[in-house]
């Protein structure tokens, strides 16, 4: 079960190249994306209604795509405009088109009711397309539920353990408790760690040998978007009072998008606003993040394998889990609300549809 | 569910070598084939009744096979003739023997009631063993249901799309409608494409730069046998009136045999009756066919993966699908008729057999 | 379903190295083993109660282990002694500890009620740690149920067939019937083969060209431990009367431990008490055994694949199967007795536990 009426990150802009089909399954629905003549991205259900062949193995023809199994052609709104060997085009011969917005290098897709697809709901990630920030975009595929990865991102107390030599720091970091604000569509987490040694990756970037004040302030928003302001500054330079002149600052944009119930897409970036002319800094920072995310990947897949051995295992909530507890509650609440709404609609306007579909 | 009382192609003759066991699963039943002393092929259930070990990992002893786990020996009619360490041979210690006919380089097996195994039901494939034809026999394994491959073979309108640069031709080929005759045990498809460019593979063989008349006339017969007369001749040489003196002609024999519900054997050949002394023509023609069948393999596996994501998807029948619609109807009708017959037999003659087997 | 109140072989001693975590799943329960400061092996459930992460990906800290996901620390008795970021340690924050005994190079683990874990129940394998015997310890992983491997070990009539050129011998070996004594916790099998050619592996070790008297006397004990006294001596040297001066003698210790319902651990060794100073003899003997066990592995996996095709297949009991029939009966009896005892306990002392666990 997935939330439908929400914007999911479907791709980095550069993944969808002009003249090429790009296929990606999102919430168990195969999607094909391509750029129309005007450069705008279109997204269609990647399944020909005729025999189920993937349109992404077909051909772009102007703003349309042609299925290269039997030659049906679909316009970018999903309407079928040609069936070789047939005079008539049946009304059912169309594919579903999905609202898409390309903004700040991310391609957002709306998997629910198109009428509700309001671009104003897309969170702000201005630094992904700003001359004041540098980053290297990246992507990792997971063979686990997106919820296990969300758990990881919602509790940074794992940094000094799992990421001891990369993002981590001293064990004291984990002892501090983060402030958690519950939002309507997620959680806001504020974690200050004052007067501690710099994190290994910050030390590698700055060479600082003295203690720092460190902050991680981020929103984790439905359906799985993490937007973070973080940084470190030498103790005594006023960072805790809002002075960042001596700080190194980062902006992180990460997005989890379910591929299926047990596999996930993970888009991520860690931007910096200093040393803008030094690609080595960007590369070093990215390398540190990738090394740490590999540690997450290993642990979460091992956790997934452990859970698979015993479906009756129940996780044990601890105080450090209050953010992820709230987030999972929000996800379930939203899914249930959508189910209820769908059931109501189905009952009143098309009571036999579900049954007919099963019998067909 | 599979049709039982029918001849399936089990192998090419050359696959079953003297002195060697040959194992192949057909309709979910593991089969071992071997040549008896007289050279005739025998087929047994490839499972020792004792502990289920495959006989094909055993040893041929004259006309018998010995299971090399615990040494039980079975005659070629399936009767057990020795159990090491036992004085007595229980009546249940036998394996099922299957009727086999080797004809025109194909090995046919009957998976149903042996009493009904009439060799006269085997379709004629004379050109597979004729000095007037040349071909290279081949085999491909599919990890999909045989029905998806049958769909493909029953509608050649996919040629100009999926096989654009191999078997295909101009888009006009797909616009022409094939004549479909419904047979008791399959369909006969007749497709003429007059005054069009030669198919890419014909052009490579002949070098023809002028338009041709092209025909594909084939029977697709239960349980999955395609027998085709096809060819092309320069326009104006009378091919449409039955004159083939200036034509290149082909005979295709293809057979789909279910391995399991979701995997299939595909035997194929494309014979030519010209340039009989030029092995290069045989090799080129075969290479073209293999390249095209690789295109089918890729598309059908992609289609299978797409269908697996959504079990509720229903295919949308188009006019071009009338042949495959009839064929799927025939398959289901035959399976149901066999189920009904089996149920009747079980009830009247051995009411407890099924129950006993489950409890044993 | 597995027997719980029994000693399973969990590892060879040398597999659990000081300072390293060693993970192995036993009866579908992931176990982590490590050596405490005193060198003794401790075994814990390899799953943090917090979010299910494997402790084996964590860190040994003295006699404790720390989960390296969020830093929970567990003492070697399973009690949680630290939760970073939490003042309180909830009673449920513990992992299950399993009784372990290291004896004669095998690590034994008790998967049931710790109160019942009596080390006196561990069978004697003195030759695994004796200066009078030499062997090379080894391990094979199987992707089949342990029962199929037990079947194999309980009937040596397969030696002249499956192991024709390794452990086997003449077909006459299989014609002789073994004496089977039913024990409370297994079976004792005594098989003499008098005045026959030496087994291939014995011939390679001794060069004997004359006939021998050969014996295989072994106990196969719950939950899957084979302890064998075997050997061969030239005919006429009195082996059948108990004189072994001219014999080559072997002691075999083998243990099957279920990993899951369909995968198994197989620990084995074949010790000899002659040529103690010749490592070449140890290596040759071991190589022969490994070659034969590869034959078993191939056959049993093929058997497993055959059985998977038809879940309704029932094995056909033969007289040679009386030992394995008794053994399977013992396994089932013990599992049922434990189920009955558990049900009784649950009902009387904690009637709601099972239900609560499912609902939690």
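The letters A, B and C name the chains in turn, as written, and every chain counts its residues from 1.
Criterion: a contact is a pair of C-beta atoms (placed from the backbone, for glycine too) under 8 Å apart; a residue touches a chain by one contact, two chains touch by 3 or more.
Quick caveat, the model's predicted, so the values are computed rather than measured.
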Checklist entry - Where chain B and chain C touch, do the two copies share over half of their residue numbers, giving same, or under half, giving different? => result different
Checklist entry - Any idea what the CA-fit rotation angle from chain A to chain B is, to the nearest 5 degrees? => result 120
Checklist entry - Measuring from the mean C-alpha position of chain B to the mean C-alpha position of chain C, what distance in angstrom results? => result 47
Checklist outcome for this item: Where chain B touches two or more other chains simultaneously, the residues are none
Next on the checklist: Show me the residue ranges of chain B that touch chain A in the complex, using the header's touch definition.
Outcome noted: 151, 155, 157-158, 160-162, 164, 171, 174-177, 298-299, 302-303, 305-307, 309-310, 312-316, 318-320
Checklist outcome for this item: Within the complex, chain C is touched by chain B residues 25, 28-30, 46-47, 49-54, 57, 66-71, 83-86, 90, 92-93, 260, 357-358, 360
